[in-house]
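Read from first to last, the chains carry the letters A, B, C and D; within each, the first residue is number 1.
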Amino acid sequence: MQPFRTTRRVEFCDTDMAGIAHFANFFRWMEAAECDFLRSRGLSVTIDWEGQTLAFPRVAAACDYVQPARFQDVLDIDVTIDRIGGKSVTFAFSFSCRGVKLAGGKVTSACCRATDDERLEAIPIPASYRARLE
Amino acid sequence: MQPFRTTRRVEFCDTDMAGIAHFANFFRWMEAAECDFLRSRGLSVTIDWEGQTLAFPRVAAACDYVQPARFQDVLDIDVTIDRIGGKSVTFAFSFSCRGVKLAGGKVTSACCRATDDERLEAIPIPASYRARLE
Amino acid sequence: MQPFRTTRRVEFCDTDMAGIAHFANFFRWMEAAECDFLRSRGLSVTIDWEGQTLAFPRVAAACDYVQPARFQDVLDIDVTIDRIGGKSVTFAFSFSCRGVKLAGGKVTSACCRATDDERLEAIPIPASYRARLE
Amino acid sequence: MQPFRTTRRVEFCDTDMAGIAHFANFFRWMEAAECDFLRSRGLSVTIDWEGQTLAFPRVAAACDYVQPARFQDVLDIDVTIDRIGGKSVTFAFSFSCRGVKLAGGKVTSACCRATDDERLEAIPIPASYRARLE
């Protein structure tokens, strides 16, 4: 699959006193990139789908950091689907800036539906949702 | 009224590349201090109250900055009620560290109830809630 | 002055359990919009300028909230210079979405130079920097 | 080793529109818990140490999520040293609330010194720092 690419500029509030982007921001950026990817396919991390509300709470997230990102850097973020399971999906992300790899990560989410009492119940990814993903 | 005092330590991720706490964090800290104050009175910014769900969306927020806060500083935050109107409440906050004033701010919230279609509707502050506040 | 306009999409992590964008985010967004404005003029909130490092710590920030911003809303942010003083500058921001005003705010910053011992010292805005701003 | 335990209350701004704490916050909380641990031993993630400034940029971070954390939950965070290498250290974190496991994570940091031109250079963990850690 050709990776889906989105970009993001490092903002002042993303930096910390070490003068570089704080590591936790990469997880926010992975989620935003995933949302960009999903939006490009008419999907979302929270969406009304065939009569129920789907949500995708995260069950695992990881990131490896190679080089720091700095204020005003424009990051290229490549998004690929790493694995689609029966009830979960894993996205992989690669961050680079001017061609230099900065970081790589993965986020796994469980497909859930909102129940009437506002809890989330794990369900198989609906076939129609999966078809759009793939 | 004797001010309610709570404390908070400045964390690494609260800092920015200027080496000081980022200004937007003071708004998070005001809200957390307000929640501490409310909790001490059995209240909250979102609470089931006499058969309905109350929420307090913010309608105004402001902060003046005097001195920077730095990593690991323990901030003393004094919380006072600035004004209780019919449908809104304004809290005032004073931040200091080792006796030195760092910042002061105010946050005004509207009293709302969650409607059946998940919107918020402004309502008068219930008398029983107001009595606990004052 | 014709306002400078930038846009920003509300992200999932910007929302809170009330289902709307958390109020503190508007301050992050004001700063990012200010940086976009400054960048368009070859300026920045932290910049090497004529042999010294300038920084613009915030001395006051305020926001009034009219309507909530929601996940995936694309916000239009208009940036204007409210006032340029001798040693400070105030930006005004207006947030709207699909033509509806959501919020308006102001941020005042002091012009400072980094001293050799890594402190910030207030100085008059350099004439050449001011000329680019106006 | 007896785990070091610290606590943290989930704040309103930590929640997202799914009504639970946003997953990226756990990384902020791991760092704050690490800092609490380090502080208890007279150490820090950024510290002047024997004539040089040490910093510990993160090289890897991961978290597995078991149960959601909710507004006002008080989280117990157990901190242990997972591994001390020559130039890096890995901390492990376990999050629970009222005895129920919510999440577990790890963060690996490289020991660096700040160079004169404000870059970070990886160095072996100083023996005196390591002795305090262990």
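We take it that a contact is a pair of C-beta atoms (placed from the backbone, for glycine too) under 8 Å apart; a residue touches a chain by one contact, two chains touch by 3 or more.
Since the structure is predicted, the reported quantities are computational estimates derived from the model, not experimental observations.
Enquirer: Between A-D and B-D, which chain pair shares more contacting C-beta pairs?
Expert: If we tally the contacting C-beta pairs, A-D comes out ahead.
Enquirer: Between chain B and chain C, how many degrees of rotation does a Cα superposition need? Round to steps of 5.
Expert: Angle of the fitting rotation, chain B to chain C: 180 degrees.
Enquirer: If we define chain centres by averaging CA atoms, which chain lands farthest from chain C? Would you check?
Expert: Ranked by distance of C-alpha centres from chain C, the top chain is D.
Enquirer: So what's the Cα centroid distance for chain A and chain D, whole Å?
Expert: So the centre of chain A lies 23 Å away from the centre of chain D.
Enquirer: What's the distance between the Cα centroids of chain B and chain D, rounded to whole Å?
Expert: Spacing between the chain centres: roughly 27 Å.
Enquirer: Quick one: which residues in chain B touch 2 or more of the other chains?
Expert: In chain B, 12-13, 17-20, 24, 28, 31, 46, 71 touch at least two other chains.
Enquirer: Connecting every touching chain pair, does the picture come out as line, ring, star, complete or other?
Expert: Chain contacts: complete, every pair touches.
Enquirer: Chain B touches which residues of chain D in the complex?
Expert: Going through chain D, the ones touching chain B are 11-13, 28, 31-32, 35, 39, 44-46, 71-72.
Enquirer: Quick one: which bits of chain A touch chain B in the complex? Just the residue numbers, please.
Expert: 12-13, 15-17, 19-20, 22, 24, 71
Enquirer: Which residues, counting only chain C, touch chain B once they are in their complex?
Expert: These residues of chain C touch chain B: 17-20, 23-25, 27-28, 31, 46, 55, 57-65, 68, 118, 120.
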